[in-house]
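First the structure, in the form of structure tokens, and then the observations on it.
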Amino acid sequence: MKSNLHSYENDLNRKILATDFYQPSTRTRFSFEAAIIKLGGSVISTENAEQFSSVAKGETLEDSIRYISCLADFIVLRNRWNDSSFRAANVSRVPVLNGGAGTAQHPTQALLDVFTIYENFGRLTNLDIGVFNDLKNSRTVQSLVHLLSDFPGNRFYFCSIPSLMLPAELEEDLSKKGVQYLKTNDLREALSKSSVAYFTRLQAEYIKDEVERKRLMEEIAENENKYCKYAITEDTIKFMPENSILLHPLPRGPEIDPRVDLDPRAKYFEQAENGLYVRMAILEILNRRNRKKP
Amino acid sequence: MKSNLHSYENDLNRKILATDFYQPSTRTRFSFEAAIIKLGGSVISTENAEQFSSVAKGETLEDSIRYISCLADFIVLRNRWNDSSFRAANVSRVPVLNGGAGTAQHPTQALLDVFTIYENFGRLTNLDIGVFNDLKNSRTVQSLVHLLSDFPGNRFYFCSIPSLMLPAELEEDLSKKGVQYLKTNDLREALSKSSVAYFTRLQAEYIKDEVERKRLMEEIAENENKYCKYAITEDTIKFMPENSILLHPLPRGPEIDPRVDLDPRAKYFEQAENGLYVRMAILEILNRRNRKKP
Amino acid sequence: MKSNLHSYENDLNRKILATDFYQPSTRTRFSFEAAIIKLGGSVISTENAEQFSSVAKGETLEDSIRYISCLADFIVLRNRWNDSSFRAANVSRVPVLNGGAGTAQHPTQALLDVFTIYENFGRLTNLDIGVFNDLKNSRTVQSLVHLLSDFPGNRFYFCSIPSLMLPAELEEDLSKKGVQYLKTNDLREALSKSSVAYFTRLQAEYIKDEVERKRLMEEIAENENKYCKYAITEDTIKFMPENSILLHPLPRGPEIDPRVDLDPRAKYFEQAENGLYVRMAILEILNRRNRKKP
């Protein structure tokens, strides 16, 4: 699909994708919208359902989805509730795509992540994957680790401060599957062992409490004094092996210095572009499989 | 059109529908947008004209509409002012569709309501129509009663507390036309006589005054003690005749318990879907009749 | 293009225009969106990037544009920063169209202004151009004067109070080019000499300081007592020569009384409509010239 975009351009003619976003995002929304348009379809869109939709008038998410599924052929939902996609899929007459659900999952992001890894290594097995920074609140991390741990031979290096380490359930899940992983707060150690270095930003918007936020900043600063900053700079990128790749779901904060953008290992913009092709593929597959329910 | 969607799919190719919404609504907006897309056209859309349009910079509604009518082939307007559609149509070079005007009218909703009634009874005459809850502030009620009272033999049962009863002007209009109607605050009586039961939600957003809101809640509670709750539940749905239908313009509040959704008389989701076909038909007809004015 | 719209209607099939607006505007946004649709393309759109985009999560404008340019074929950017378009164009893989940058420039508005002048006079040279009201903060004035001063023989009459007179840099630019111009605070004098009278509204949203705003209002009132109001009314339109034209970028405030709308010299709605054709032409030309960068 990536190498042969034009041969798919009428596959979803007259199909409508509804983007129903309760949380800010032009990025994921634009990516899905461009995907359906490239396949010949159209978009109906709300970027502020929290404020403008009928849910604001007291309607349930279920009623709202049931209504939209009468009009559209696909629904992309982004919502702060972890179980929102399941609740929506349960009542919808058309496929519901999870465009980000609370702190739980962001599955299409994980699919474009693994597509980018596959493009670079030709495999999804026997890889050393470093995951950095906010492993606790990042839904992209939950989805990616969940997905990659299903492929044999992958080893994980989780690098963060204790307070932002992987959630206990995800760790248990890895243990059950017998997946090898190491937890560390030493950036150098994790980076030098990783063939894939996956960075995330601090999801500061989830930390409402001022005291908690301050305590966290102190813990980060303390750890930085002991080791080094959890950031890719012209200095720290030297720890990365030559054939490794650097990924980030974007948007990035200070954790990746723009001065490393031209380094051949920096693949986050290719990764972002791959989102278009992966989402086109998802829509194409769903279109073949699904027929609107009565 | 409902049974033969595909034969219309190129009728409005390259036509542009502008949705100009000054009040929150994904529901009506999405329905119009899906309608033009299904006919081959496209959309330009604002969901927050109150805040973002040039009217926010002090422009008159007339200037704004005159401008949009240079770009689009149809305009759907939702605005808090009761006379907004008339003012807009007066200066527009293209058809203006009233997508909801203040507390006054919501005519396309009334058209999809009567379409659903016709689909179920094969006629729009000699029907017993119960209208429930907020008859004062609901613009869908004003439009529906106005429309159905033009057909011979229809009888109305208006069921609400005194403070939310039908506006005096609408009652006078019915009297002038010689239409039979009964006002009651007894849910059981009204439900058992209705072949069409049309429920609405309390339009709480129009009651700004806290004291007034509190007084209203007390009046509702008192009436509920005397009769029963103005709500369709597994208990009260038993009052409905076997071949009657239950409609609601949606979004619903507590006035319809989701546990009755599977009752064969509950037609509000079919009604919602009909909005798509009715709005397609409106656009199709307007397109045949209207040519852009110079 | 204006007289032969239909022959271009498939030129930009499947092309995507992204509108990335950080400041309120349905007007310019709708005009660009209608333009791409009339050429066969589609739109992905955000009307509130300030609040909803990833830039709200701390992303740089550069990262955001780089991402959008992976998805879209054109980007229209409106942003409060004067240098935003240059910064965006610097990193984008596709053409960036300046849809309004701070108080600096609004180049597509200037192009539709000169198109309207050309349509009426058959030339862009040897014209007497009066520019009225807020010459300091209006980005459309900066762009228009800059553009028209490149054509030989044009003379300018700048009519405003001292506090809202042309910025010093633009005056220096005119002097360097040897362009004739007169500054005046006498509406009658400027109007009677102008073949093109270009009005603007007071850009009150840029004056945050209450004291400054009050002082300005007093200066305006004082000047009005001395001469007459800086407004086109049924009285002042008499000062305009018979074959002159009255333009305004819209939205208008009190500076043009709607009662003069039917005067044959009032061309601001034709001007607004021309925006569609001019923006179509811009997209058409860019599409021929530009190929997406790798």
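The chains carry the letters A, B and C, assigned in the order they are written, with residues numbered from 1 in each.
Definition applied: a contact is a pair of C-beta atoms (placed from the backbone, for glycine too) under 8 Å apart; a residue touches a chain by one contact, two chains touch by 3 or more.
Just so it is clear, the structure is predicted and the values come from calculations on it, not from any experiment.
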item	value
Chain contact graph, described as a line, ring, star, complete graph or other shape	complete
Copies chain B and chain A - interface residue numbers shared by over half, same or different	different
Chain A-chain B separation of Cα centroids, rounded to whole Å	40
For chain A, residues that touch 2 or more chains besides their own	42, 45, 47-48
Touching residues (chain side chain A, partner chain B) in the complex	14, 16, 18, 20, 42, 44-49, 51-60, 62-64, 66-68, 70-72
Contact footprint of chain C on chain A as seen in their complex	9, 24-27, 29-31, 33-34, 37-38, 40, 42-43, 45, 47-48, 201, 205, 250-253, 258, 269, 272-273, 276
